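In what comes next, subunit A is part of two complexes: it sits with subunit B in the first one and with subunit C in the second one.
Up next, the complex of A and B:
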């Protein structure tokens, strides 16, 4: 079939599954943003040409099967210990690109000391932090990032700041540490936000490629958990852009420049 | 006049409906047939309006859309 200009129509493949993402069915629930986040990481690694050079660290959480989905070397860390594992790999193999993929229960709760100290040491790793305000895999318990008033299986009357404290803003917390090179909060709840998130993930990976110890880069991605929130995927996306984005403001909180090291 | 074409992997779709409202030309719809996973997969309902912008494919969390232009 030819178009008006005489060219073959529909001959150019504009979009397909990135090569780093293996051709397998993802086990995530319908509308879960893990798939979108896997896709943007895979696209970034493809674009940077680092597929043979990247080591990923899978968390404990829904993304525990990351090694089944990505055509990369991926190790499985004990709960919350991904930054410690990444530190070792990065120091033993300094030419590799190392990233960790962690959820909020993993990074902000049990793994809090690992991430704080890895950030404070300025380890040259990229941390992709998926914040969906709940422990998704274990059945929707309250996480440190759970919103005030949010009902979970362990806070059936809603989170109350008098007994459970306030949700932690990790991107801002880590941006305050000297060892952090890049800290941003993004979301993947609309096409425009997906592109911004991809830009942030790319910057996070580039911090490792510049050949200098720029420090740790963290990209917090506000994500949905339609199953445990008890919402339809589209309503869950609206919650992320409304209630969650109000408490967890989107943006870049810190970005070190190469000139800072010269 | 269509300037693009998409292909949805029927068996991979989980019917999350995220691709339906993002299409600027409203080409997507939820289907009526159940796939092997048990979901009513999305269908490419109005191919004549598609411009091949690939926004649906970027949005799909299960990467089951391919786009040609």
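Up next, the complex of A and C:
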């Protein structure tokens, strides 16, 4: 039944696609977390009213097509270099919101130098770090975050600390740098966790808004890669909340307050 | 009665490396990223002092890899940006240069070349010719490459480099060396008069317009091939329209020198000396190394008996000279890797091709 204005009288809009997210079919595998993570970033940008003021950086990896999914200006980065690109954008356009979207091979392996120095300089950027313990796009090779004993295509007998070292905890490592304003580790493996992840992403973006600008923020998101893990989607969720969260504890490792600067 | 004397720009005494900075600042460059390496440190030091005074930004990057990627970020916003480096640093930038060509981003890279390979040494060299003219990292990628031979040109070609970078949306390299960078001489800082073009591709936040992306990856069927043809078409246009060269004392010459940069500068003295001995020698000096002045070199070689290609390396540009002409038998190469040849040394080579007993 419609009212005089032609509106449906008995329905109320409770949910809609964020404007920042384009109405496109995602190419990600079943059980992959990229879609959910894209959505919470898009919601955050909408809620902060920053869609027209944001430049994003797409990584090398499965999420390289970020520009096909988000209605934002987006620059494509060489593997690992996103924090350097973000530095170059943010310095040229100091009033824009700039974020990078990076995987574990990208950020913690080839791009370790760029992330550490951008963090140490306190660049006013937000880093969304998707940690799924493997290189997804290239076919499931070992990453710096691969768990001990985890079999990958380049650690076919399981990661061995005697030859490959240990999985690296980036959120804690970066929290130790003075230039970092916010560092948290979250996951999106359940609705409750998605809400917490969204809060963290929002905090991360707020840190670089006018009046804040307290330094780099990083949100590490423990994620799945069912295809390369050889797991069903549900089993992959369980792995994130079990084995992975045991080694990579969830939580906030650093949060600067405005008062710290006054 | 002329007023030109009153209008003339006052000459100033400067190092080549300083003149590069003057040219960049005159052309409106306010963003510089770089990493220390000899023999170009005067450039970042000058920019570190000047940028904050003129509303610009200087940042010492953690590496040349970060440098070129910071430039990529700044260039993507449509903002003019420059770096300078040498040998190993330029090698580290190759990945980013390829991304810039693929993403069609303008930037200016100054290579104050030192000796290689490897750590080599800090002596001047033209051993980076192949790297500067044949490739920009991986893929079918080229830089536009300009080679100054005076402090004046370090200034004016730097300004031109920014214009060409914007015009073609492609990185441009200034290829100097330790001599041209450290050499001091008076020059005229002529005013910058070009109009900076609109950049309707720049990433500034999608305010009141459709979102844009700047990228070099094209995955859909046929896309990357089409992109390569498009880039080739651009390079073809650059070859057609941006060839720059100087003909020096070429009137009536029976002998020809082809040299660029520092070596060309030295050769000018040798040519004057040879002319005073009655040897009719002149020079064709490529100023743009990419595009190489193939036609002009071919034509100049037609009219002479012998050609001397002189370089501060073991033979690189000579291959482009050979490519330009069927008369390979006329060409003699004189190379001095990692050291500046003296006017006497080049004079001796001129006498040799002229068949004058020494």
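Here is the rule we use: the second predicted complex is superposed on the first by the 249 of 262 C-alpha atoms of A that agree within 3 Å, B and C clash if a C-alpha of one lies under 4 Å from a C-alpha of the other, contacts with A are read in each partner's own complex, and residues count from 1 in each chain.
To be clear about the criterion, a residue touches a chain if its C-beta (ideal position, glycine included) is under 8 Å from a C-beta of that chain, and two chains touch if they have at least 3 such contacts.
Everything quoted here is computed from the prediction, not taken from an experiment.
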So, A:34: does it touch subunit B (first), subunit C (second), both, or neither?
first
Touching A:53, do we find subunit B (first), subunit C (second), both, or neither?
second
Which partner chains sit in contact with A:15 here, subunit B, subunit C, both or neither? Use first/second/both/neither.
first
Give one of first, second, both or neither to describe whether A:62 is in contact with subunit B, with subunit C, with both, or with none.
neither
Set of subunit A residues, in rising order, touched by both subunit B and subunit C:
none
Spell out the part of subunit A that touches subunit C in their complex, as residue ranges.
51-55, 58, 64, 67, 70-78, 81, 84-93, 96-97, 113-114, 117
Under the stated contact criterion, what part of subunit B meets subunit A in this complex?
3-5, 12, 14-18, 21-22, 37, 39, 52, 54-55, 57-63, 65-69
Residue ranges of subunit A touching subunit B (in the complex, touch as defined)
3, 9-18, 21, 25-26, 28-36, 39, 190-191, 194-195, 226, 232-234, 237
In their complex, what parts of subunit C are in touch with subunit A?
31, 33, 57, 59, 61-63, 65-67, 69-77, 79, 81, 95-96, 99, 103, 203-208, 211-217
